[in-house]
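Each of the next two complexes has chain A plus one more chain, namely chain B in the first and chain C in the second.
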Partner chain A sequence: MRLFWVFFHKEVIEAARSYKWIWVPAVFLLLGVMQPVMMYYLPDILRASGELPPEAAALITTPPPEEIIASTLSQFSTIGLLVLVLSAMNIVAGERTSGTTEMILSRSSSVLTMMTAKWAATMSLLLLSFALGYAGAVYYTYQLIGPLEWGTLAGAGAVYAVWLAWIVTLLLPLGAVFRGPAAAFLSLGIAAALTLLASLLPSQLPWSPGRLSAIATAMLTGESSPTFAPALAAVLLIILSTVAASVLLRRRPLSAQA
Partner chain B sequence: MNFEINWGIVWPILALQAVLAVTALISLARTATEAVRGPKWMWVLVIIAGNLAGSIAYFVGGRRDA
Partner chain C sequence: MTNSLLYIRNLSKSIGSITPVKGISFELERGSCTALLGPNGAGKTTTLRMLAGLLSPSGGEIQYEGGGKSGRDWQKRIGYLPQYPKFYGWMTGMEYLIFSAKLSGLSGAQARKRSLEVLDTVGLREAAKRRIAGYSGGMKQRLGIAQSLVHEPSLIMLDEPVSALDPIGRREVMDLLSRLRGEVTILFSTHVLHDAEEVCDRMVVMVDGRIAEQGSWTELREKYRQPVLLLEVEPAAREEAWLRTLPGMPFVESADIRSRTAALAVRDLDQARNALMREMSDSRIRFQRIEAGTSSLEDMFMKVVGG
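Let's turn to the complex of A and B:
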């Protein structure tokens, strides 16, 4: 356990040195805050631009608060996820090029500890960023547009966080095999494929972790769908990825990268 | 056209943008020239002119892996 905290501390410091603790949460907060403000002003902006006939402009109104939160989540799914994955892509892949952990890893029992610490550090950044962005979106929506239900918000947020978590965790095993950018590309590709597949075949794949983002959106708009199976699948995938990453890293010598 | 911008709503967004850009500029200033991809002055322009996207671009792709 002591070793875990040593590794965790190292990861946190490394992230701080590259300003990750500032810029990733700031991007999420901006995304979260901008969406409700944009939606709030959208009718005004359209009217002011004068291109639209007034009859058509009258049809465009500010959507209900739940829909604004849902559209914020879709912002997080594109720009937010991209930022998270790109900022974390070198967390394992970078170790192989720098080779600093080679000495530590001569004791092979510590690989899993190191991987868990890396995972925990990445998740801390992810959760902090998402929580900030989500809270910003909720606060602005509440102030500008209307009240929201706390229970639904918390549920949807939790489901969505699990969705982000499993995609970012994919970077660990992928980073143990590929270089950083390739790992980032692959994990985004897998996430996109699974999410697309889950939305195309919802009845065949009720347990797919790719459904979690859609479930979160559906929760906000009041539909309920079974959450347990996909969430469990995501958690299993996270555990499997972390273990697989440490096995892969142990097999491949750290500095043997061209 | 009674289209008024409520600055109480907008200033946090501008402040956040500024925080992000300033962080990016500080990071750029403290990074050695060899460790920056491309000329530094180019990144200064990108960060200042590119708003959110510019700062993200710098943080993601501006530095070589240490």
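Let's turn to the complex of A and C:
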């Protein structure tokens, strides 16, 4: 356990020295706040541009608060996820390709501890960023558009966070095999493929972790769908990824001799 | 119980279809300094990585004195410096040492105290608070040695500690190693014989994954001491042609003939000297220089490595 904190502390400082604690949350906050503000002012902006016939302008109304939160989540799924993956892609791959693992692993044979600490540090950044962005979106939606139900919000947020978490966790085993950019590309590719598959074949793949983002959105708009199986699958995938990453790194701790 | 710290028996490693280490055995005495010598690609790095627990051996055993057969507990008592040590450039030297010490199980206060001590040992006290990204090659190498010492190991293993350094950096590291001698058991690999001779008392020569020769310097010097005649002639076709006939002479055991010089290893120096003088005056060879001496370790190394 002491070793875990030593590694965790190192990861947190490393992220701080590369300003990850500032720019990743900032991106999420910006994305989160922009959506309700844009939606609120959109009718005014369109009217002010003056080229819209009044009949068409009347059709454009501010959507209900739940829908705004749902569209914020879809913003997080594209730009937010990309930023998270890019910020974390070198967390394992970088150590392996730069060769810093050689001296570290000659000291402590516990690759699993190291990997768990890396995972925990990445998750801390993820949760902080997402919480900040989500809170920003909720606050502005509440202020500008209308009230929201706290229970639904919390549930949808939690489900969505699990969705982000399993995709980012994929970077650990991929980083133990590939270089950083390749690992990032592959994890985004796997996420996109699973999400697409889950939406194409919803009845065949009720447990697919790729459905979690869709479930979160559905929860907000009041539809309910079984969350347990995909969430469990995501958690298992996270555990499996972390263990696999340690095994892979233990087996090949050194990149080809420089 | 002998005074050995580490036994290696029949150690081998295969990676895919190649076998960089093909069954080697040696032992390290406590407090000794041993050089693992060999040309590039002899398997030195692979051997050290196995000893450091980074690679698992394909066969044979590594046994540390007092420890079991596995090296796990032993990792705490070993300091290892890779051939190309890579640090986190965003850490300061001090932070890296504290991080390393904590990984080896030292408490926070101990880690700080030991880090300051080893920074003094390697002469990096002034640079302790600077980021490693700004260190020179020699400083990084010394920091690497510092991290190998920080947890007070009984054995330090250094992989080519001076190969990548300029002459000044090399001097710094060699002086540091000489100072460490006796305090800690040292095993270091190099392909430069001179470096090994300077700080070590024993050596193990590896060639192509096998041990070609091992022993203390005095033993090896004794074993390979051989009288040698060095000869240099005028640059002329007749002299050069004559040089090339020398390996056929009965008193020559082995010969190294270049265009104008010859190094002849002989059995009996006096007899060879007379025979050579006679030969030269008969053929009226215009020599520039003749020298009688004994073979150096360099010759021994070339002989062992060359097969």
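Methods note: the second predicted complex is superposed on the first by the 251 of 258 C-alpha atoms of A that agree within 3 Å, B and C clash if a C-alpha of one lies under 4 Å from a C-alpha of the other, contacts with A are read in each partner's own complex, and residues count from 1 in each chain.
As a working rule, contacts are C-beta pairs under 8 Å (C-beta built on N, C-alpha and C of every residue); 3 or more make two chains touch, one makes a residue touch a chain.
Note that the structure is predicted; figures quoted are calculated from it, not measured.
**Q** Pick one for A:26: touches chain B only (first), chain C only (second), both, or neither.
**A** A:26 sits against chain B, while chain C stays out of touch.
**Q** Which partner does A:6 contact after superposing on A: first (chain B), second (chain C), both, neither?
**A** The answer is second: A:6 touches chain C but not chain B.
**Q** For A:83 in the superposed arrangement: first (chain B), second (chain C), both or neither?
**A** first
**Q** According to the stated criteria, A:59 is in contact with first (chain B), second (chain C), both, or neither; which is it?
**A** The answer is neither, since A:59 touches no partner chain.
**Q** Pick one for A:47: touches chain B only (first), chain C only (second), both, or neither.
**A** Once the two structures are laid over each other on A, A:47 reaches chain B alone.
**Q** I'd like to know which partner A:200 touches here: chain B for first, chain C for second, both or neither.
**A** neither
**Q** Is there a shared patch on chain A that both chain B and chain C touch, and which residues make it up?
**A** 18, 98
**Q** Across the complex, what residues on chain B touch chain A?
**A** Chain B reaches chain A through residues 1, 3, 5, 9-10, 12-13, 16-17, 19-20, 23-24, 26-27, 52, 55-56, 59-60, 63, 65-66.
**Q** Applying the document's contact rule, which stretches of chain C touch chain A when the two form their complex?
**A** 45, 49, 52-54, 72, 75-76, 78, 80-82, 84-88, 90-91, 95, 99-100, 102-105, 144, 147, 151
**Q** Which residues, counting only chain A, touch chain B once they are in their complex?
**A** So the residues of chain A in touch with chain B come to 18-20, 22-23, 26-27, 29-30, 33-34, 37, 40-41, 44, 47-48, 83, 86-87, 90, 94, 97-98, 140, 144, 180.
**Q** How about chain A: which of its residues touch chain C in the complex?
**A** Interface residues on the chain A side: 2-3, 6, 10, 13-14, 17-18, 98-100, 102-109, 253-254, 257-258.
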